[in-house]
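Each chain carries a letter (A, B, C and D) given by its place in the written order, and its residues are counted from 1.
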């Protein structure tokens, strides 16, 4: 049984606004919140070019009896931001956890770390399922009270059968998917059918060491730092928008196996931060970039 | 001749608001900016208790022909924030550099680093003078085109004579003072007479190793990290509000001299960040704390 | 079932030598290893004063059929280092895991991290038991195949009854003890009776915030970094020799609860490094300091 | 006038040994030092494969009246390491500073940092000259008492004329060369003629962002960390053996200019560490790798 997450905030809404910058957006949005009895508790905004570029805003506000008020607020947003602005917006109830599925393979350090963080209430999510192409972690996953499904990877280059089975399990049941060192490459078709964000952890400081065996490549190049990168998955392998990265110091004496062992700590740190930020609606995608508030 | 700092922003104002939190502050402030033809380019706010604590806000906005408009904006602020709010505010023209004096002693690493950063345009300040109780750095300082004054420390415990001389040099000429490893303790009377913020760099991770010889104490305790702390100076030695801190890894093999040598790098990094943030009006003091936006 | 640790090295011995520095120690020790058919694979030495201070040395050497050869090597060491040197030495077979007991309370992040690292083979130890003054972690511990014993803390200031019960469980069964956020203060008498090293994790960058509630104290002081410290336990609370420390950056916006949540990551990192280094015989105690090779 | 560097050690020798690993090297080398009246004060060794790979060793020893004894020690080394070992060795007197030339262009942060560190005694080198393809830093360099030579870069792709002029200045006068953000690519022919190690600083975490404008590429890729890499220069641009690297955290809000400003701090830190380690004979090149003791 997971502890209640302090990141789930009753009667708090998170409003994300982005589009073309122009004067008056902050005033329009904040006036809207005020006239709907909201009190702003966090406000972040960023404009990539003050003289008319892209505009990004995240506002968290407290509003008593939020769920009853939400339809009215949404209607007001449609009216207000529809007039004279070129903006998109989404509003979410911060007391509702996002549903997160985890895909994993044999390596369990990222998987177990997410399950454990969830159990202690660090992540404002529910975990409806873990899917793996191996059975090794089944008992561990179920001991956390989380359903485990084994979907073996279809042999050969065509993964459409196993991908179809995964889509069937996930469709409609999850708000986002985390690849916790899942060692299968997902097809563009799979990502399209899935239709929800997918977060991956790559075991290098991207764009260094794209592709397979980054620790081996790091050893061969003789780097003095290794890293990990969490990013949204796109059709281009290891090229999606980066959410977070970090590095640690290594030495000439570290073998590839030791790099992998030490890197595991960075991977789980970076992935858990990316998951937390995504679950808190802190990450806005913009082309191949992210704005992280 | 110093390069023009990219941190000096023509026709940009920075508005700091703080006081008691209540609904509607963001809306009131942003409506005010909009009706005064300002476009918000950076907005940060923090409330230490959403159900009625202290409220802090920093807004940077662009307003063509700012200097002409500023008196009107100030009058509007007085009207708007005077009605129904319990708030203090300050507004500054971000194209006007703050005047920063540096007090130093024999060690020059923080002093030279600030002079060099200023020359290359990294700090949005002018440096009207450097004052030292030693003459060792006179030539260096003057080679940067900065006036140097030697004020020897009055022998004995009573420093009122030398402090009076320093106050006479600084009074009315500076907006804030930086103690760049200045090795004299300043009296409460001096700070009162000075009347502008004073930023110090302490060569430890405060509150560890308060007082003299922190590197020696660090060696004696056998710590595995050393650090530096930049803080506003108050009557209580090494107890003022912390602006920034950092640490680096050391080993059993580092002598006290080696700790001092390596610590010098952290000191100048931490001090330069604190100075930049103060000069950009990013730091708000609140009791013994700082909010850094 | 724990994976075999790559840190357990068959036919490898670790020799620790320390005492008064004088010329010829390296030559004497390395000649001894060579004449006993050993090949040195790692060599570290440190002298705190080259002109006659304390000397510390750690050598790992490979020697085929080590266990049969060890008595002869020990006799040679006794002869060699007994003649003309003022040195102490210990030699350990690096294929033999140390027996590590863990004492814990309600918070499980350090406990579970050690159990999980052990299972995946990261720590060259066995874990004969976990003892807690609470029952909350019993199922988790046993799911790792590790015995769990519940020893409630005796009410009142006199803990001799519960301490006696713990000593009875540990005596003769363990080589060192880890306090994984164990929230009871251990008496000098207990430490004496135990007779093996005890490693603690303190949730601050010592010597800052000694004693209870360091995250609350950190919030009150307004620090910009929080940290954790792993140290050997001595009679003086939070004053023992430091093995490792680390810090992470926090902001004015982090509540005490958030500091604790984020600090948990640093705590388990720092503790696991200290445990690994101790288990690998990399840490030599010298007064209130450690030499970490 | 530069302060005397504490890294210059009277009557201390540094012996570097590398080659094929086999049992007895440590014993042979340490016996040699002992019989030549040396006392070992630092000893590092590394073997990339304990069962017969490459062997690397760095020993610093104190020997009264070293300069008189050095020829005898060198003869002993030739005898001892020539018999039955496949090893190369170099021995240096640690009281003799290496002669370091600096090549720079318009950006001065790395150049001035090295000059300043040298002046305060942090680097055990002399600086016989600075060469630049611009004149902007001439006064600064000469204010440190260091000769400055202006060698404009030959227009067009063929740089042989300017390279020849640089070689003429450096030949026989320097022990190594530092490229302190020198913005000209050096030809293989130049490196051959120079015949001494050349250390470069690249303004990215290599192998990410090889080539020109790494900060622009970093911004385009949307990385969350930027870095710097110090490496020995080889014929392959940005592919030489890495000596040190580091990274710092950036955000979506940092412009390319801000990345360059903040990156300058990492560049000078990383370069100064690489220079110090090289000057202390701590870095051994092995193929495209370095061993850093």
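Details
One rule holds in what follows: contacts are C-beta pairs under 8 Å (C-beta built on N, C-alpha and C of every residue); 3 or more make two chains touch, one makes a residue touch a chain.
Quick caveat, the model's predicted, so the values are computed rather than measured.
Number of steps on the shortest path from chain B to chain C, with steps defined by chain touch: 1.
Placing every chain at the mean of its C-alpha atoms, the farthest one from chain D is found to be A.
Between chain B and chain D, the centres computed from C-alpha atoms are 37 Å apart.
Chain D has its Cα centroid 42 Å from the Cα centroid of chain A. Multi-chain contact residues, meaning those touching two or more other chains, occur in chain D at positions 46. Residues 21-27, 30-31, 33-34, 37-47, 50, 62 of chain B are the ones touching chain A in the complex. Residue ranges on chain A touching chain C, taken from their complex, read 6, 108-109, 112, 116, 120, 122, 143, 257-258, 261, 265, 269. Considering their complex, residues 46, 205-209, 221-225, 227, 241-247, 251-253, 288-292 of chain A touch chain D.
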